[in-house]
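In the part that follows, the structures are each spelled out as structure tokens.
You will see subunit A twice below: alongside subunit B first, and alongside subunit C after that.
And then the complex of A and B:
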């Protein structure tokens, strides 16, 4: 603003000048006031007013919307999730940003590195949401994260041979508590025990499988065949070995007496197994669970338990660069001599970081933290896009809940306004804090 | 919601939904002729159709132009018809005719006083050419406003004939038989059903078919109007019946967890994709379009359907839906609009789109020979034969917060039920609580 020079000693003109100064000041402030009034104050007041009316907007509802809001379990989930977001995301981001900023200072290609980390900031939240939705996809054939997880897992533990196989109901095989299948009754040696399984896709029966064996058992042995009890095209007799039915090779079979495994065999190409020279007694035949272990499916990132951490992960990807650049700027203006002096005195790099860098950076860190807190309170798009329908309510935060209730099907703008007011009340402390800090640093 | 279904059809990935909401408009179309009674007028038509559907509807518009000389302009409103049309009316730029995709939207328009009732000659044409149920769904407070031009058939179970052959089963006649067949398919090594649990509307459609057949059309109508509560024993019974399917791990590809991670296009892919992971998928006639266009299946040969079977001694259900043409009061070419609706009521207009494909007409005068292939002909026949037994999708008739929003209401509660089908009564109680809240507002 221009300062006006006033003639010294003249009281009347001075007052006039002062009035003029005020008028000019008002003229300059007016556009900003108008804008703020129209775009911030009026909507806030309107929302507060609207929150006391019901869905139609014509009937005064008093505090009903607020009561309803806290009765609705969805709001409570939203508050809980918002709390998780506010605590976790800014903390992680500030921490990550700090670590990266300090490390980046020490590498050769600092600018290139910073640019790379900053790049996700240029991606819109919508696009980032779509990218992460795909990355988190549960099917390992689609989601890159699960593809990696499954790949690593399968490199260490092999897959079972017949994950989908199971016996027919009421054909003598019972499922044990550990997922194994055992014969219901015990048999003495000299018997043939055939075990029929179904549910094996034709493509998963090994090529070496031969028609199931029907050999009879000798006096001191137990034998039989594990066969695929299903005739392609139908028409097979359940429980019996039909002409077209093949044996299932490579299965582990156990003979169990009094709860202890006394012999183990592996089925041959025709599905046959044989326990020779068994002492007298009665045995149950068991197919241990390892034969049927389901393939590892990876992590269900977008399941109810992990969906919020998963979305926070996507948020980190976008904002880490921002935190790093801001903190990096603060870092470069640190007095170098303090750091150098500490190093001269024999402080380790960790001590320098812990005792000098962090305390000196504290103001910048606070600014970054508080800015992120405010930002996190309004996170919406990522959650709306990444969370699939069935878990949307598990991932919801206040901002999404507010939108869903007012426009996304709920069409209750009274209740939505109440949620908006709640959100405002929660943001206010952070705003006040920021404004205070800003003032202090100006004075 | 119907519109979502359309989107799902158009885009393979559900994510594309987020991007695909842009509306597109077409320029005025002038065709030959021009010496007819309405020449010089330009009829404005708005509807949710885009892509192939818009192209085929354009053929109908062109036929109208040829007949009357009126030029036509089609505007695609995108996902949200009521918002777009509402703002156009307010802006003094109302279209003459709107093709509304849901009965709920039609009622909303009528109650707002935006619509003009159909003139007597069109009403008469509707009475002679359509089963009474269609004028019922086109009427509000006794006045007929909407003419159903395009219908959907949502009582078709699509299966892979190869999987049925492998399992040695035939097309089932009852729900129990369908589950038994499913178990046989599963014994053969292929999970029986692909269920698109990630899209809540497929689950509401499952429920509606079972309910319509088991409880009968009368109860169905009353539940749709929320005159009986969702805690009614018939609802619990229908949920129990549905639970028989949901709780049997052998019947559902990937189990409930896998189903909840499958969206609608994904469920079609599981049955008709290059790597079949299931033998059957239940959804409406539009499954055929995806199986054909995206996975190159020959409809009728390596992708076939059977009508949703009867449940518990009831009649086989026919759940439907459709796009109705309505005339706006504020349109500038009332005469042309009325002529257009009269044209749409004729079998001649329906035949134009029927020949182009991807279309079912509720018009019983339409010669079934107009349809391009046997499978569509069969669905059309089943729809016409059902006559007055046809019922509209219940969730489309409910307030959106109950029957049409991702993550809340019926969609969400049925998804929870799919995750844990052990307590139908509790699910019914939760549904009633959500419905009571939604119908009140």
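And then the complex of A and C:
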């Protein structure tokens, strides 16, 4: 009955109410959808279409751009570097994050440590890039990394202190074929042999250097002083030790007989050296080349060979905290009983880690790894900033190459679009995994 | 991860063992080894911490040294003579019209973007979670699918589009681009959060005769505050730190700090007295946000890493 008598009266309001509900829903959802349609959906379609046209966009090129990607050496470098990034960075980060997450639980200042390591996540790639340009500076007097490397190197091999030193001409010292300097004639024990060098800038004479002096040699010894044969202000005699001339400490001196080094000494603060108890014979005194070798200059971090590892290092600095905190969250939800029981049974920390912690954490580790893969794939700013201009070609990855090809002088928007589409396709599997996981964790 | 067992606090080494259990058969010397191991762990973590803080310390000290000092020696030499440090570089930087304008451009880009993304995504997220309209779930799925689109794919087509609309090289252009590419994740996050609001709460509000707008502002937004805060912080950070988008879409009058500074990186070496304080200026805002809102910050970054 009611349905018969009220078709107009009830359906009208109901339809009106439905229309009203839809209008409200549209008002809520349309602003976002319009923006997405115009600035995301349309560009994707455009890019896919554009990738089938040539550089100028006038001629249909089919799959040529996609074939070109694997022919063009620069793009191939980008693909190779992207592969390195995607394998190395997430692996190292997950490993490092795991180790730190496990260890940090054992100290009381865990929170402070986590904050410190997470902080770089707040920093822009640009700022991080500048930070690491400073750190990777090649001159060991300016770049902290090379300063450390050179410090360690010199601690083990000994620094050569006088790279620019040389003897005066015709003062009895001759340069050997290996860069050493030796006396021209041989002398028997009992003589004093002073060796004068020049070419040492005042700033490179060590502060501990004292005025050069030497004592008379005894019958079975050879002695003398290596001195800076230069009197400031002039007036010195070449080849002799003058009052104002200083000794050169820290030099290695060798006594050589018949081509064999029979004794070695190091000069003292006043430049003096002494070979005691030498058998009879005649000796030449030699200053080996190591004294004059150019100093070790460290590693060329941002050179073509190491630039990608160096930038990955900067990336580790930014993302390790992320991996550690995410893995730490997984760690704190592990069943403590299992860990404690294993410890009670006498398992070592390493066994607990290897046999219990890691297998139980596997799902979290996968999430961290996949998330990092997505982010690594899109890394752009860091490479753009850290790699110096001439090396940019060696450091390029898909994201930077896409930029260079499209806007940075290449001006081939067909190839650029194809690279963009490739990037999109590569991200899809990882993203599907992540979104599924996220929805599961939400429900 | 969903099954969060409330974990007991990390076992303190000094805590006495539970008295109930009989003393376990430990290998002799186990206690000593454990103590020794503890010291090694502390030392190792201290070294790692030092490695982490050194690059930032380097930036900070470099930014406080004169151009000549920076050209002559490494920043660590300043530790020996801290008297030579000064704020002169910062004074000069703040007097540099290009830098100050770039700083304000950064603010003018990141704040409106953040507000717009949060507002638009909250509206859409609520609609996808609780309003009925045809094709709702399919459209939501399509929005989530847009998460995969890297910014790079949008650069060229949107640049052409903005060129026609006169938005190219303007701050609104940069903002619109950021909003569009921030929305998929933001909608995804908020819809999932709003969907967890108990149905009874919403039904009760509807019974009371509240319109959708009223329910949205009085119920959904307050309940969703943690998610909104995390999203806002994440989005702000993302845009504040962006360089790529602004590099293309901003011109010299609308470029943010990151773009202004990167143009100087090409002559790296001679201009550390500008680059170092500039980089510090650019990173201090996010770092302050980080320390002020640690919890939301970490949550936002964690959730946002899906992107």
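A few notes on this one:
In this section, the second predicted complex is superposed on the first by the 253 of 443 C-alpha atoms of A that agree within 3 Å, B and C clash if a C-alpha of one lies under 4 Å from a C-alpha of the other, contacts with A are read in each partner's own complex, and residues count from 1 in each chain.
To be clear about the criterion, a contact is a pair of C-beta atoms (placed from the backbone, for glycine too) under 8 Å apart; a residue touches a chain by one contact, two chains touch by 3 or more.
Remember, it's a predicted structure, so these values are computed and weren't measured experimentally.
In the superposed model, A:133 makes contact with both subunit B and subunit C.
Shared-chain residue A:407: touches subunit C; no touch with subunit B.
Once the two complexes are laid over each other on the shared chain, residue contacts for A:364 go to subunit C alone; subunit B is not touched. Once the two complexes are laid over each other on the shared chain, residue contacts for A:202 go to subunit B alone; subunit C is not touched. Touch criterion met: A:168 reaches subunit B, while subunit C stays clear of it.
Taking subunit A as the reference chain, the count of touched residues is higher for C when subunit B and subunit C are set side by side. Of the two partner chains placed by the overlay, only subunit B lies in contact with A:231; subunit C stays clear of it. When the two complexes are overlaid on their common chain A, residue A:389 makes contact with subunit B and with subunit C alike. Residue overlap on subunit A between its contacts with subunit B in one complex and with subunit C in the other: 126, 129-130, 133-134, 385, 388-389. Remark: subunit A residues 21-22, 24-26, 28-29, 31-33, 35-36, 38-44, 46-47, 50, 100, 103-107, 110, 113, 115-127, 129-135, 137, 141-144, 147, 317, 322, 325-326, 329-330, 332-336, 340, 344-346, 349, 363-364, 367, 371, 374-375, 377-378, 380-381, 384-385, 388-389, 399, 402-403, 406-407, 413, 416-417, 419-421, 423-424, 427-428, 431, 434-435, 438-442 touch subunit C in the complex.
Across the interface of their complex, subunit A is touched by residues 1-5, 7-8, 10-11, 21, 24-27, 37-38, 41-42, 44-45, 48-49, 52-56, 58-59, 62, 70, 72-76, 120-121, 123-124, 126-128, 131-134, 136, 139, 143-144, 146-158, 161, 176-177, 179-181, 183-184, 187-188, 192-193, 195-196, 212-213, 216, 237, 240-244, 248, 258, 261-262, 265-266, 268-269, 272, 275-276, 278-280, 282-283, 286-287, 289-291, 294, 297-298, 301-302, 305-307 of subunit C. Interface residues of subunit A facing subunit B in the complex, by the touch rule stated above, are 55-56, 74, 126, 129-130, 133-134, 138-139, 164, 166, 168, 198-202, 204, 230-235, 300, 302-303, 385, 387-390, 392-393, 396, 404, 408-412.
Partner subunit A is touched in their complex by these residues of subunit B: 15, 18-19, 165-169, 184, 186-190, 197-200, 250, 257, 260-261, 263, 399-401, 404-409, 411-412, 415-416, 419, 441.
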